[in-house]
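Two complexes, one shared chain (chain A), two partners (chain B, chain C).
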Partner chain A sequence: MKPRLWQEALVHMALVAAVCFALYPVLWVVSLALSPSGTPSPHALPLPDAVSLDNFRAVVGSRDHAGHWLFAQQLLSSVVVSVATAVTSVAIATPAAYALARFRFVGERAGMRVLLATQMFPGVATAVPLYVILDTLRLLDTRAGLVLVYSTTALPFAVFQLRGAFEAIPKDLEEAAMVDGATRWQAFTKVVLPAARPAIAVTCLFAFMSSWNEFILAATFLSRETAFTLPVALQRYVGEYNASWGKFAAGAVIVSAPVMAIFYAVQRHLVGGLTAGSVKG
Partner chain B sequence: MKHRVAALLALALALLPLAAWAQSITLWHAYRDDERAALDRLVDTYRAAHPGVTVDVLAVPFDAYASKLESAIPHGHGPDVFIDAHERLASYVSRGLVAPVATGDLAPLAARFAERFDGASVRAFTVRGVLYGLPLSIKCAALYVNPALTHGEVPTTLEAIEALRGQLPTGTFPLVYESQNAYLHAPLAHAYGSALLDDQGRYAFVGEGAERSVERVRRMLRAQVIPDEASGALVSQLFLEGRAATAISGPWLAAELGDRVRYVVAPLPRVLDANGRPMEPYATVEGAMLSTRAHDRVATMELAVFLTSAESARVRARVGHQVVSTEAAWDDPSLANDPLLGTFRAAARTARPMPTHPNMRAAWEPARQALVKALRGDRSPHDALLEGARRFADVTRPLPPPRDATLAQLAVGLVALALAMAAVREARDPDFRRDLRRSLPAYAWVTHAAVILAALVVAPLVIGAATSLYATREGQSYYVGLANYVDILTARGGPLFATGSFYRVLAVTVLWTVVNLALHVGLGLALALLLSRPLLKMRALYRVLLILPWAVPSYVTALAWKGMFHRQFGAVNAIITWAGGEAVSWFARFSTAFAANVATNAWLGFPFMMVVSIGALAGIPKDLYEAASVDGATAWQQFTKITLPMLRPSLGPSIAMGAVWTFNQFNVVFLVSGGEPDGETDILVSEAYRWAFTRQAQYGYAAAYAVLIFALLAIVTRRKEGAR
Partner chain C sequence: MAALTLRGIRKTLGQNTILRGIDLAIGDGELAVLVGPSGCGKSTLLRTVAGLEEPDEGTLLLGDRDVTRAPPRDRDIAMVFQSYALYPHLTVRDNIAFGLRLRNTDEAEIRRRVDDVAKSLGIEKLLDRYPRDMSGGQRQRVAMGRAVARRPQVFLFDEPLSNLDAALRAQVRIEIKRLHQSIGATMLYVTHDQVEAMTLADRLVVLNGGRVEQQGPPLDVYHRPDTRFVAGFLGSPSMNFLAATARGARLEAKDLRVTAGDRVQLSDGAPVTVGVRPHDVTPTTADDAMFTLRVEVVEAMGFEAYAHGVVGDVPFIARLDGERALPKPGERLPLSVSREALHLFNPETGASLAR
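Right, the complex of A and B next:
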C-alpha cells in the first residue's frame, strides 16, 4: 500500500514535535552555558542573549590553591574510573553470562534470582556498609575503590544483557568448532565472543555511562578535590548557598558531549544489542 | 584473558592505597572565595615557617560537610582539625568526634591563647565547662541598604522600610530576603517574643508570637514589600540590579556583591509593631575543632593557635572579611573603623547565640515547612505552625526501647542449622551428587563473579537489611527487634494517610510508577511505530535526535528540568506567559510538582522503551501483515491482533525492569521537586534517604524502609512470574 501524502505529513509532524520535546532541555542547557551573565533569564526560546565562552573557560580552567589543574585531574579521574569500570565489569560478567546461557548447573536458578533481587534493593541502605567495606580494604578515597563499587553494581545488569546475547547465538556455531577440535575456551573466544561483539559493546557503554554519571557514591567515598569525578565537581556549582547555573550548564555540556558522541557511534548496535538482551531477560 | 585481568586487578588493589595516606596535619573547611583565599594564605605562611610539617588543606562542599565529618572521623579518615560552626559542637561532642583543647598534654599550649578571644565566642565553644575549639570568627545577619533607593537614609525600623513601597516603582522592592528560610525568619520571630528552640532545647516555633511574626511577613508579601519565594540567588540578583532598597543577609552577601553596587550595612531594624523590639539575628561562631583521632595533637593545635593569633586574625579580617573573634586584632584602627566589619561586629554583639542543643539541627526543616505553607497561603499561620511542631516531634520522637537480641540470635542459629542439615541431606542424595559433578565445568566460569558479587553486592545488602533491626540516631545504635517496622507500618501512631506516612508515600510511589510506565511505553511504542514505517524519510536523523535524552546524565537532566520549572526564570513559565497564561509556582502544589517530576522522568525514560520497541518490531515477521491485509484486516486490527501480541514476549521483561527502576527512581524526585511541597511528592526511596541522611542519621529506620521496598518489589514481580 502506498502512504498518502497527508498521512506522511502527519507522521513527520508528530516526529518533529517529539524531537522538539527531546531537544528543548538540551538546547536550554546549551544556551545557559553560552550566556555570559550566568543568571538564567526567562526565555521561551532557548537562545542566549549574547554568546560568550566565559563559563566554559571558568570550568575548564579551574585550579586549586596548590596550582593543580583541577579540571584536567577530574576529567582524568572520570575517564580512568569509567573505562576501568566498563572493562572490569564486562570482563567479569562475560564468562559468567556465557555459563548461564550454555550450561545447566546446580545453583543456576538461585543465582539468577539473587541477581534480580539486587536490582530491587534500594542503594540507600547499602551506602553505609559499602563505606565500611572499602574502609577495611583501605580503598576509601581512591579511584580503585570507586571502580570496585561501580563494577559490582554494574555487574548484574551486564550479566542479564550478555546472557541474552549469548542465548541468541546459535549453539551449532561453537559445537561445530568443538567438533573440529577446539576446546570450550577456544570456541568461546574465537566463535562466540566475535559474534556477540555488538552486545558486548552496548553492555560496555552502559557500564561506562553508569559510572560516568554517578555522583552520590562518589561524593560519599571521595574527599580529595583532585580525585573527584566530574559529576561531583559539577554538583558543587549548584550548591544550596551559591548557585552558578552558567558554570553548571557549561560543565554539563562538557560531561554530556563524550557520552553523546559514543551513543552516536554505537546507536546502530543499540537496537540489536538491547533486543538480544531483553528477549529472554 | 580473565586471569590476566584478575592479576591486574589484584595488583591495582594492592598498590593504590599505599599512595593515598601519608602522615601530616589535615585541615578541613567549607570556605569559599575570599574566606578560602585568606585561609590558604595563612597556611602558606605556616608552611614556610615550619618546613618540617606537612599541612593538607581540604575544602569540603558545605552541603555535605557535617555528614562527611561524621562518617570519616570515626573511621580515622577525617581531618586532624576542622573548621565548623559552634551550633554543631554539642552533637559532635556527644558522638565523640572532638577533643578538649586546653587540658592534658595541651595545657601548656593553652596558656598561649588564654584571654585571646571575646567572651561570647569562648562560651559558644564551651560544653559543660570544657573548651572544645578555638573560635575564629562570628557571623550574623545584618541589613544591607542601597542608599540610592532610600534617599541616602538608613531605615531603623521595619515600618520605615515598608513605607518605601509608595516611593519605589513596581518590580523594585523595599526589602528582599529569603522569607521562607527559618534562619532569616528567626530575627523577626525573636522580635515578637518567639524562637525556634527554647532554653531547654524544646521546639518553640508555635504560639502567639510565632503566629504574629508569620502574619507580619504575609502582610508584607501582600503589600509587595518583599518578593514571593525569594531564593538566595534572587536576593543577590535583585540587590545587584538596584531593584531592592534593602536586603537582610549575612556577610556572604558582601562577598558576592563585591564593589559592583554601592551599599552600606546596618544592624537589623526594630519592629514598632512588636513594642519596638529589635530583630535579633542568630549569631554563629566558627572555630577550629580538634578531632579525637588527630595524629599529632600538639602539632595540630600549634596550627590552630597560629590561625587565631592577632596577626593571622587580621589577615582573615582583611582578606576574608571575617568578623574575627581574636580581640587583639581589633587594635588595628583600620579594621576597627572598617564600616562593613565594624557593623557586623556591632550586630554580632547584640545577636542571639545559636542554640547548641542537638535538637537545633532537627528544627530547621519543620520550621521551614511551616513558613512555606503559611506564606503560600495553603494554611493559616496557626495550623501551619502546629503542623511544624508535629513534624518536629515526629523526627525527634524517642527511640524504641532496646530489646534482648538472644531470641533473634537463636532464631538465626536455628535457621542456619536447618539450612545446613538440608544441605547435608541434599549432598547425600546420589542424584544431586551426579548433578553437582556435571556442574563442575560450569563453576570454572562463574565462581569469580559469584565471589565478587557475594562480597560487594550481597554482603552490603544483607548488612544493610540487618541494620533495620537496630535503632540508630546520631551515632548511637542498639538492637530493637522489629520496632522500626512496627513504627513504619502503624504510621508512627498518627493517621494512616497523614503526609509522610508509609501508606501515603506508597500510594504516591505506585501512582508515580504507573503514570511513568504508561508514558514511557506509550511514547516509546508510538515513536517506534512511526520510525518503523517502511518508507519513512530521514529515519536515521530522527532516531539519533530522539535517543539524545538517554545520553544526557540523569542528574544533569534533573537539575536542568528543575531550572526549567523555576518560577521566576524557568523556561516553562516563560512559554506559559508567552502564550498568555499566568506563571505557575510549580512546586507549591502536589499536582503541579508531581507533573513536573513526571515530565522530567518521561523525557528521561522514553528513548529506552523506543529503542527496545524498534528492535521488537523488527523481529515480527512481515508475512504476517501481508497475510492479514490479504484477508482484509484494517490497520487497527493488525495492530491489536498481530503487533501487540507479538511484542509482548520481548517487551515484557523490559517493562518489568523499567517498573523496578521507576519505583526506585531517586535522582528525579530528589533533584527536581525535592519532595516539595512538604514531602508530598516523595516516593519510598527518597523518603528512606531522608531518614538516613537528613533526619539525624536514623540509618536503622531508613534500612527498614529499604527492606519494605525490596519486599514489595519481590512480591509483585514474583506474582507476575507466577502468572506467566
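Right, the complex of A and C next:
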C-alpha cells in the first residue's frame, strides 16, 4: 500500500528533526573551529562571528619547546598505532575465527564464551593491571605497548565478526577446492579468504577506528608529548587553567576527517559486511 | 579414465550408521546413478569416493590404485556440487582454470582447455563474468565445465539438477548424457529423482538404509525389481501393492482374483503381496476382472487419465487411456493385467517371489 501524503510528511519531519539533533553539536564544533576568538558563540545558531583558519594553522603547526613538529609526530603516532592494531588483531583473529567456524574441538564453546565475557568489561577497568604489565615489559610510553593493548581489546570483536563471516561461506566451496586439487591451506588462502574479503576489510576498519579514537588508555600509558596519539594531544588544548576551545574544535575536526572520509568511501561494503557477519554470527 | 571399485565400505557418523557395507564395481566409462530416498546414504557414499569423508571400513580402488585414505587432491576426481560451489571471487574463466592452476598446468594449455570446454558447453560469452551475475542454468554449466577441464579419471555429480526449474532440468540432463557419450568418462551420479536416474544411467544402483538394494541396467531394475522397496521406489505413480492369500495357483483377496501361474510355488494359504504398476492395468469385462477398482477420483490429462480409488479397501491407482470414455466416481471398474506385469513379493521380507 502506498503511504498517504500526510504520513510521508510526518515521517520526513521526524527524520529532519533527528538529523538536526545529530548534526547540531557537529556544526557547533565546526563553527567553533572557524571562529578566531575561539569562544563559544552566545547565539543558539552555530554560526562563527568571523571565519578564519587560524585555529587549524595553530594546531597543525604546533611545536614543542625543542622545536619538534609535534602535530606531525602525533599524527604519525596515531596512524602507526591504528594501522598496526588493525593488522595485528585481524591477522590473529582470522585463523582463530576460521577454526571456531569450521572445526569442532574441545574448548570451542568455552573459548567463545570467554571471548564474549571480555566484551562485558569497560576498557578502563583493565587500565591499572595493564599499566603494571606494560611497566614490567618496559613498554610504557611506547607505540608498541599501545598496539599490544589495543590489539587484545579489538581481538574478541574481530573474532566474532569474522567467525560469522566464515560461517556464512558455504563449506562446499572449500570442498570443491580440495577436490579440485587444493590442500586445506590452499583452500583457505585461495577460496575462503578472498570470499571473506569484505568482512575482513570491515573488521580491519573497526579495529582501526577503535584505536584511532581511543583516549583513556592512551592518556594513561603515554606521557611523552611526541608519542601522543591525536586524541590525547587534543585533550591538552582544554586544560584546567586555560581552555583553547577554538584549537580543540579545530583538532577535533582534523581527527574526525579521515574516519569520516573512510566511512564515506566504504559505506556500501560496510553495510554488506555487517549483515554478512551478523546474519549467522 | 578408470574403473571405480568399492569393497565393503562402512561409515558411521556419530550415532548413525550411514553406510552398511557397500560393494560396487563401476566399469571404465560407465555412468552409474545412485538413487534412493533421503537418508539412504547416497550422498555420503559419493563424498567418500571424493575423499571428503573417510570410510570406517572398506577399500576404494581407482583403477587398481588404492585411494581409500588418499586426500581428495590425490584422487584425480572431479565433482559437481548441488550448490555448484563456484568460487564467488573468480570469473568463470578463473573458476574453470582453478584446478589446472593448482596443478601448475602451462598457462597456454589452460587457456586452450578453458576455451574448448566453454565452447562445448556454450558458455564462451560468460567467461569474463562472475558467478553472481549468472542464472542457475549458466552456473550449472560452469560447474560442469570446471569438472571437464581437468580431465579427471572419474566425475562425481551430487544432485546437480535439483536447483534448476523443470524445463532447464530436462535440458541439462540431456547435456550431461551427451557429455558422457562424447568423453566416455566414468561417472557416478547421485539423485533422488527417478526420471534422472532412469534416463541417465548405464547402471542404476538403488540404495536403501545404507545398503545396495539392487543394481543393474535401469530397465532391468524397473521391470524386474528384486524387492518391494525397489518396485515401489521406481515408477511414477508408484506401484500398487495388495495383500492376497494363495489358493492353489490363484491369489485371492477382496476384489482381487489373479492366477500366479507356474512362476511361483506357493503353499495353500500363504500370504503374498501383489504388486501392479498403474500403467500395466487395462479395463476389461466384469467376467475377466482380476481386480475391481471402486473409483473415487479421476484425473484426466488428455492423452491419459488416472483413476484413483480402492481395491478391497487398499488405495489403488490405474492409468487409463485418455481418449476412451472415463469412469465416473463411485463406479466399479473391472481391470486386468498381463501375467508378466504381475509382481509378487514375500510380505515379510519384501523379497520378490517371481524368480
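Some observations on this one:
Simple rule for what comes next: the second predicted complex is superposed on the first by the 262 of 281 C-alpha atoms of A that agree within 3 Å, B and C clash if a C-alpha of one lies under 4 Å from a C-alpha of the other, contacts with A are read in each partner's own complex, and residues count from 1 in each chain.
As a working rule, a contact is a pair of C-beta atoms (placed from the backbone, for glycine too) under 8 Å apart; a residue touches a chain by one contact, two chains touch by 3 or more.
The model shown is predicted, which means the values in this text are computed figures rather than measured ones.
Placing chain B and chain C on a common chain A by superposition gives a fit, with no clash between them. In the superposed model, the angle subtended at the C-alpha centre of chain A by the C-alpha centres of chain B and chain C comes to 140 degrees, rounded to the nearest 10. Legend: residue contacts after superposition of the two complexes on their common chain; A:172 is shown touching chain C, with no touch to chain B.
Considering which of chain B and chain C touches more of chain A, the answer is B. Of the two partner chains placed by the overlay, only chain C lies in contact with A:180; chain B stays clear of it.
When the shared chain is aligned, chain B comes close enough to touch A:98, but chain C does not.
Of the two partner chains placed by superposition, only chain C is touched by A:195; chain B is not.
When the two complexes are overlaid on their common chain A, residue A:107 makes contact with chain B while staying clear of chain C.
Once chain A of one complex is fitted onto chain A of the other, the partner contacts of A:121 are limited to chain B, with no touch recorded for chain C.
Taking all C-alpha atoms of chain B against all those of chain C in the superposed arrangement, the shortest distance found is 12 Å.
Across the two superposed structures, the residue set of chain A contacted by chain B and also by chain C is empty. Interface residues of chain C, counted against chain A in their complex, comprise 50-52, 71-73, 75, 77-79, 81-83, 85, 87-90, 98-99, 102-103, 146, 150, 156.
Residues of chain A that touch chain C in their complex: 170, 172-173, 175-183, 186, 190-191, 194-195, 197. For chain A in complex with chain B, the residues that touch the partner chain are 1, 3, 8, 11-12, 14-15, 18-19, 21-26, 28-29, 32, 39-44, 46, 64-65, 87-88, 91-93, 95-96, 98-100, 103-108, 111, 114-133, 135, 137-145, 148-149, 152-153, 155-156, 159, 184, 189, 209, 212-213, 215, 219-220, 223-225, 231, 234-236, 238-243, 245, 248-249, 252, 255-256, 259-260, 262-264, 267, 270-272, 274-275, 278-281.
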